[in-house]
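Presented sequentially are two complexes of chain A, the first with chain B as partner and the second with chain C.
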Partner chain A sequence: MHIKKYCIFIMTVLAFWTLGLQGGATAAPDPTEQMKPFLDNIITQLKSEEFQNDTTCNQCNRIVELASEHFDFREMSKRVMGKQWKHLTPQQQDQFTELFTKLLQYAYIGQVNEYVDKKIEFTGQRIKGNRAEVKTKLMDENKEIPVSYIMILKGDNWMTYDIIVEGVSLVRNYREQIFSVLREEQFAGLITLLEKKIANLEAGNDEG
Partner chain B sequence: MKYFIQIYIISLLGAVCLIAFPLTVALAANDKVIDFLDDAFYDEEETEHTQVPDPLEPLNRWMFSFNDYSYTWVLEPVASGYSYVVPPDIRHSVDNFFYNLQEPVRCLNALAQARFSDAGTMALRFIVNSTGGVAGLGDPAGRELGLKAVDATLGETMGVWGVGDGFYMVVPLYGPTTLRDFTGTTVDSLALSPYYMWADGWEESMGIYLGKELNKLSLFLGDYEKMKQLSFDPYIAIRNGYFQTRTQMRNYKTTE
Partner chain C sequence: MKRNNVEIMVGVFLVLGFFSFAWLAMQLGEVPWLTGSSTYKVFADFDNISGVKAGAEVQIAGVTVGSVINLSLNEYDQARAELQINKSIKLPKDTIASVKSQGIIGDKLIQLTIGGDEEFYTAGEVIFDTESSVDLESLISKFAFGSVK
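Showing the complex of A and B:
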């Protein structure tokens, strides 16, 4: 009698366990499978004539709209700030995230043409808990640039929060720039600097 | 007597190798391996530049502006003109040629760092590219045999042997480096590369250096401008980029 109960117990546990495993496997999507159509779509959009003839302002908004599907600019801003992030008020966090996103969007719009005639090859991925790295190579005839996307799983979506270009972490690079400003001019100085840089980029892009 | 000296030298080398090998392995194992998926990488207070001090920052910033100025007004226009006239195939061949000539120096450095498989790759690359690649103009070893180029410098060798970086510096017409790495580069290229020995005088050596670097620059046009556009403190962005690339390159070799 006891043995029967025991068997049933074991079987139930096993059943739940296998279910759980399957459930776990379906719940965590494959990062490369998500990135592939996402990047393909962005490149197709960038190549389209409609996009190429659009105004810089519209181009920027379009890119951010497309990118936000798998890019998390808040996670990015948080890491750019490092330990300082916790010392900021929620309003300051929002303000910084907004400006930093804007800086990235203006800075990268100038590089759109770089991506158009290049091919992206996916070379591998690595998953560690809810983090993943998707490795790619940006290629043309003469050059191969390794680009890695560092992502965090949020719900069903892998969200990029850092890009590693030829071994250089974008977040880490911005962080060092920001640190020296924060040391000397505090948060207000940083905001002024960001606004100035964005204004410059805006002006530069409009002229071009 | 002559025979005796030979035996002496060989046994001395053997002894050095015996002591050096475990030491280098121990030192290499101490290298911190970067994991981008680890949050600790983003939380670290200590950034690359605090590991290598930058006491000359004001002077370095001045040098940086000087380099920036000469890049924008002299080097970039000349390199653009050059890249307009000379097709990319030829420029890549020139680059390959100089790269191949330094392969033996690289190989020695790899040996001194106890990276034996990399040293083997370099030796093979040198043999294949010098013959099949027509004196190093082509890169059949990389393209056909899958022997990808790996680097090893004297700066690294000194690092493996425990020599510290000293400090960060920006060298005119050369760029970001550290005291140790720049010393290493100078010895590697000036003392050990055959093309400077072929030159008749320092003017000719300088000419070769400028030609070689100009050719290289023509293959990377636009990269610097891009970087400058993306950052709001280009000096720090370049400094950080330099250290990140270096750590990554050296890490990659020890882990894979």
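Showing the complex of A and C:
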């Protein structure tokens, strides 16, 4: 009778232990392994003739659609906004996220063609808790540009919230600019400014 | 008997004097485990921290809020700076630490750009978002000599 009890106890412990092990193994996916196919897919799409012949507006939307798989534009907007984010209503947060995403897509669409021919080399990664950095190098015959993707783990996906090019952070760059606009012109002023800038970029008479 | 009283008074005075001296020394010397320090330590990892030395300032919006007390390498062979920050300053988790210089050729310092996260870094934690020193020479060479086309 006792032996049976012991057996049940040992088997329960073993069952929990193996479950725990499996849980541990699946808990943190590898950020580089997630980024590789993601970036490859984007580059292939950008190279396709269908994309090259499309209108700028469609190109922009396509890129954002592709990027949102591993780019968290809301997290990016939150970090760019800083302290002010908490004081915004959810509607204002959505409005800012939408405008900021648009600003990024129009500001960088002109440069997309420059990146299509470059090779991406993954040079390392570091993980700390739920955050990770994947380091890459954009290379062509005569230039090497270090680009790091800073990511946060959301569910099973590593989502990029900052890009560091040549040691300069995109979030910090915009955070400082937006801080000064907010100080002088408040949120309404910032929205007007962003809308104006996007309209200019859309019209194609502003280089970024 | 009278002489004894005087001796006791002198003894008490001496002991009191000694204690006040010890108290003064601790106050001025900031012995953390006795007085409770007015600063706390956090770390920040950088790819390249060249130019920053121990003793360099840590600033927020140009105001000095602490200093760099030690530089070492972490497990990824990155530079790890140990920062001593005033206790009154709270750093949200989305704070960005950047290596900047005072003027174009001035001393290097660490600039913290505060974010708006609800969680704050506690003593001993590592600031994840950092910007390294921009290597001007390699940037210039890249753009001056880079394109052959």
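One rule holds for everything that comes next: the second predicted complex is superposed on the first by the 183 of 208 C-alpha atoms of A that agree within 3 Å, B and C clash if a C-alpha of one lies under 4 Å from a C-alpha of the other, contacts with A are read in each partner's own complex, and residues count from 1 in each chain.
Operating definition for what follows: a residue touches a chain if its C-beta (ideal position, glycine included) is under 8 Å from a C-beta of that chain, and two chains touch if they have at least 3 such contacts.
Source: prediction; values computed, not measured.
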{"item": "Combined model on chain A where chain B meets chain C, clash or fit", "value": "clash"}
{"item": "Chain B versus chain C as contact partner of A:Ser180, first or second or both or neither", "value": "first"}
{"item": "Touching partner for A:Glu166 - first (chain B), second (chain C), both, neither", "value": "both"}
{"item": "Contact breadth on chain A, by residue count: chain C or chain B", "value": "B"}
{"item": "Touched partner set for A:Lys83, first chain B, second chain C, both or neither", "value": "both"}
{"item": "Touched partner set for A:Gly124, first chain B, second chain C, both or neither", "value": "second"}
{"item": "Which superposed partner A:Leu194 touches (first chain B, second chain C, both, neither)", "value": "first"}
{"item": "Selected from 97-105, 187-195, 223-231 or 241-249: the stretch of chain B that, after superposition, runs into chain C", "value": "241-249"}
{"item": "Chain A residues contacted in one complex by chain B, in the other by chain C", "value": "79, 82-83, 126, 128, 131, 133, 141-142, 150, 162, 164, 166-169, 171-172, 175-176"}
{"item": "Interface residues, chain A side, partner chain C - complex", "value": "78-79, 81-86, 124, 126, 128, 131, 133, 141-145, 150, 162, 164, 166-169, 171-172, 175-176"}
{"item": "In the complex with chain B, residue positions of chain A that touch it", "value": "79, 82-83, 103, 107-108, 110-111, 114, 126, 128-129, 131-133, 141-142, 148, 150, 162, 164, 166-169, 171-177, 179-181, 193-194, 197, 201"}
{"item": "In the complex, chain B residues that touch chain A", "value": "35-38, 41-43, 45, 47-49, 88, 92, 219, 226, 229-233, 236-237, 239-241, 244-245, 247-249, 252"}
{"item": "Residues of chain C touching chain A in the complex", "value": "45, 47-48, 76, 78, 94, 96, 98, 113-116, 118, 126, 128-129, 131-135, 139, 142, 146-148"}
